[in-house]
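Consider the two complexes below, in which chain A is the common component and chain B and chain C are the respective partners.
Up next is the complex of A and B:
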């Protein structure tokens, strides 16, 4: 078994309205040192596959077919440690 | 002209569309299930507004895998008419029939109000009853209507005259180039966030949506 986490966020060139609103709120709390907050989503995908490279390849295909809209989003992934 | 109105789980403007076409325009429209695999005999297909599949993942992203989708794609390829309103527009972009994507509104608010649009292309089957650059009042109701496309895509849209409706004076959601609706290169696929089906009788607050329906209904049965 391999579990891979995919993080999906807007591309840096695309304005992130939720991130901007939350950054403003955090600044209002008094944390002026906070310059930017990025909002995204993550997916933990558990695969019946022990070969991590093969698992990563499967997950890339899934991300590119469904989880990510490349018009506006980008993603990165990491293999999670087995519990 | 026979028109199919696709009902997805979570569609909620299907009845408005049906009544606008059948009751107000005396057209021949019928509901079809998202499970339908064939749309033979229809001249036009309409993807109505709503929240198909709860807008899970991204608005329109899951609907793209519904059984009816290949038949919609085939109609687009065959030159039949495809209209997506609101959630229908989001589905058309997720399907790749129209370029770009719809993001959360910049204000993060769900916006429900009547807005002014300018008709930027009155040469496609959906807009011939409007004047070029005509200003019209049409309601919007969306949380994710903020059209986005990268610069190369925008240049392509402008070059091919694919920007059909723009928000006029006031952009409610932050869309690039004030875009409210676009079509494909051929002009037979139109996606728009505003709801023309909600502006077809004075009692509803206006009739500026009517010319859109009259434009394509007058084409009759498509070859």
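Up next is the complex of A and C:
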């Protein structure tokens, strides 16, 4: 088994409305020390595949077919564990 | 400046409907090797605070006041950088 995490965030050029709204709320709560909040999603994908390179290739295909909107988003992969 | 990431996931006892739906979709696409997908959110919080312990305490307060629904969710903190 291999578990791979996909991190999905907005591209830097795309405005993150949720992050901006949360930053405002946090500042209103009295936390003026907070300068910026960026929001993202992650997916922990557990595969029945022991070859890490093959697992990464599978996850890349899944991200590109289903999980990432390439117009607005970008993603990164991280292998979490293999056993 | 310190940047701290908050990872928010459903508690293990709470059913993750989005994760289950995505796992089904991925299996339907032909990726039968995928056994489970867990979905989560993360928040990268940039604070004007150089004391890491103070920054962590601030972020803990923010998570508990605003970002985490303790009925269903749990969270973890990770310091990303300090400079």
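Quick notes on this structure:
Here, the second predicted complex is superposed on the first by the 81 of 83 C-alpha atoms of A that agree within 3 Å, B and C clash if a C-alpha of one lies under 4 Å from a C-alpha of the other, contacts with A are read in each partner's own complex, and residues count from 1 in each chain.
The rule is short, and it goes like this: a contact is a pair of C-beta atoms (placed from the backbone, for glycine too) under 8 Å apart; a residue touches a chain by one contact, two chains touch by 3 or more.
Since the model is a prediction, treat every value here as computed from it, not as a measurement.
Shared-chain residue A:14: touches chain B; no touch with chain C.
Residue contacts after overlaying the shared chain place A:48 against chain C, while chain B stays out of touching range. Comparing chain B with chain C, more residues of chain A are touched by C. In the superposition on chain A, A:71 makes contact with chain B only, while chain C stays out of contact range. By the document's definition of touching, neither partner reaches A:79: not chain B, not chain C. Of the two partner chains placed around the shared chain by superposition, chain C is the only one that A:35 touches, whereas chain B remains out of contact.
Common to the chain B and chain C contact sets on chain A are residues 66-67. Across the complex, chain A meets chain B through its residues 10, 13-15, 17-18, 21, 66-67, 69, 71-72.
Chain contact summary for the complex, chain B toward chain A: residues 57-58, 61, 93-94, 99-101, 103-108, 146, 148-150, 153, 174. Interface residues of chain C, counted against chain A in their complex, comprise 1, 7, 19, 22, 25-26, 29, 31, 33-49, 58, 61-62, 65-67.
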